[in-house]
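I've put the structures underneath this note.
One chain, subunit A, links the two complexes that follow: it is found with subunit B in the first and with subunit C in the second.
Showing the complex of A and B:
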């Protein structure tokens, strides 16, 4: 990070426990403005839980989350609504409203959060659809378009309000490799052109190396390693190497004999 | 956001200062509407004091341009700072708007 880049998100000592199980265990992370940060890790590592904290859907057990200078932990509903105007979110399943046209889906945040006139909203919708390569599709219904196109519509909707930050939850999930690569290219383009800060949660290595300025690897609710794509690729950490190569056995045992399992069996 | 306005030789000159965003662009729209209602056919908008423009600002100019085209009018934008100009470029709207570097260039174009 150069000296002129500020951190738009700062997470300090973030802890989340469900009952007595710790899902996030003291996360400290800085996300630089205008860059693409990819949060990675295997299933159950806490990456989705971390994302839910960043968008205000979960409240931490401990710690603070500063977004654009504002601590969203303990913030009022009104305060959170103001912070939400600063970010867009691309949900894993695109989450379009099936009863609304493509154009109406993109227009939704503009109708909900602004007092703009309909003619202005219609123009903004056209501009956003052009940015995701879907000019002319505003009258289509979601069921009439492909999964990749749905993701692009969802992206157009995520950037409708000109957010400073866009959060992506598994953007390539459910897409074929070519379409997933296309979505990656779009994330790159939009981030660079619109100078948007992107926070991408994924478990897909290829995608991470394609787009990330910074990769954060989570394991068991802790940050295991942080670095550029090249630094992660050259990591000496055996878990990171196993994760990159996708080997079934290594630092993460394929079959783990749980002590609790044995204890449970023997005690009955 | 402030708008300075003067009508000279049938050309409406606007100079906008401040950010053009979701909060302020409705005021610009109202101002442009008022000018268009007077059947003004030549408008020059100086953007040198606009540091930021968002999608709603952009859309407001697009709507004005659509209306000017219907009456065969001219709408020219001048002296946009690079950050503002790039927003037009990203949306590929630099091709539909006339963006010029000086008020004089704009004046020459509208009086041709």
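Showing the complex of A and C:
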């Protein structure tokens, strides 16, 4: 990693508790500008919660989050909306508006946040759809296109305002391997060609190693390991190794020992 | 011994549940009031900045809510007018005052039944639709998507729906009042045999302008209630299909209860504060 790279997102001591249950437990993380950072971890490790904090959908119990030099913790709604114009987000289920056509979905942020004329907006929509390989699909309704196409439309919508950062929540979830690889390629292209910072939350190893400049592994609300793809692959940590190889048995045992099972039964 | 131990627990549980539900109810009402404040703020902003609430969204909702509900409102209002005329004639016959059927139908339709029928039908038809629509949007992360795009969901989703219903419901109320009178007229003239000219004369003799405008004022209050309750229920959906179903039912039930309570209060206010 280049030492001169500026960190566009800095998370300091982020803690989130829901009714005494701690989901994020003191996260400290820097995300470098223009690179692809992949946040990984098993189900329920807090990776989606972390992402929701970064886009301002959740407020942390403690800690601070700096996005492009601005602390978004305790910021006003208007201030947060200004910060939000600097990033786009791709949701797990695409989250397209079903009552609007593909073109209108992509045009929505442009119509709401700019005073551009309709003809110019139409051109921008065409360019963005072209970028994700969906030229000519403007007039389709979201229910008329496939899951992979929906994700690509959502990506076109996320980059409509030329954001500095794009957040991806499980971009490959529910897609076939070829479509998932295509989405990965799009993420790579956007990052390399447009210098967009990407933050990807996923649990798919193949995809992570394919695109990541930096990988962060979360476990039980804490950062277990950070490093480049190669560093993570050579990690000595047994959990990381089990996670990478996808073995059912390892640091997290598949079967409990009879003593542990008995203990668990008696405790409840 | 066991019974002695469990029964106080049960009582505590029972009262505890009442306390918990009361707490939840007031928390819910508090959030509803917060939503009301946000909507008022958006309307205030709309007066200053033209682009705040888009007219095309409002017109789209007016068509969905109003035009498509016309048929059902007419049908029910005519039927209620007919029932009212028959029941009134049945009682008035004893005093030889069948002629006054028209007046009774017109006053009750204008003051009470017109606004109430329109509001209850709209809460079932439009309120349920709003709650289900917003609830599904919430479960499919569409509301979150709006938020992350820097678009306020109250401004984008709730305000156009509120405004359209405030425009639509008074119009539907007037139609419901008139159609009720038409129903009464049909039964009065064709069924009971009152002279049509006499029926119409008695119908309008009994009616004063206050009867009509109190009905319309009520309908504005009902419109705000239905829109706020339904949007609030829709936006508070948690979980998937089950949550949406629950929110839809809750939206209709809460709207109808609040409509009737508010109607009661409004009628009392009009009776005591605006006599004559």
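Here, the second predicted complex is superposed on the first by the 254 of 268 C-alpha atoms of A that agree within 3 Å, B and C clash if a C-alpha of one lies under 4 Å from a C-alpha of the other, contacts with A are read in each partner's own complex, and residues count from 1 in each chain.
Heads up, the rule we're going with is that a contact is a pair of C-beta atoms (placed from the backbone, for glycine too) under 8 Å apart; a residue touches a chain by one contact, two chains touch by 3 or more.
No experiment lies behind these values; they were computed from the predicted model shown.
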Subunit A as common anchor, with subunit B and subunit C clashing or fitting: fit
Where does A:117 make contact in the superposed view: on subunit B (first), on subunit C (second), on both, or on neither? first
Please work out whether A:130 is in contact with subunit B alone, subunit C alone, both, or neither, and reply first, second, both or neither. first
Which of subunit B and subunit C A:91 touches, first, second, both or neither: second
Have a look at where A:162 lands relative to subunit B and subunit C in the superposition and call it first, second, both or neither. first
Arrangement angle, subunit B at one end, subunit C at the other, subunit A at the vertex (C-alpha, nearest 10°): 90
Of the two partner chains, subunit B (first) and subunit C (second), which one does A:193 touch, if any: first, second, both, or neither? first
Per the contact definition in the header, classify A:220: touching subunit B only (first), subunit C only (second), both, or neither. neither
Look across subunit B and subunit C in the superposition and give the shortest C-alpha distance you find, in Å. 15
Shared contact residues on subunit A for subunit B and subunit C? 113
Listed in rising order, subunit A residues that touch subunit B in their complex are 113-117, 119-121, 123-124, 127-128, 130-131, 160-162, 193-194
What residues on subunit B touch subunit A, complex-wise? 21-22, 25-26, 29, 54-56, 58-60, 62-63, 90-93
Inside the complex, what are the residues of subunit C that reach subunit A? 137, 140-142, 144-145, 147-152, 156
How about subunit A: which of its residues touch subunit C in the complex? 55-57, 77, 80-82, 84-85, 87-89, 91-93, 95-98, 108-109, 112-113
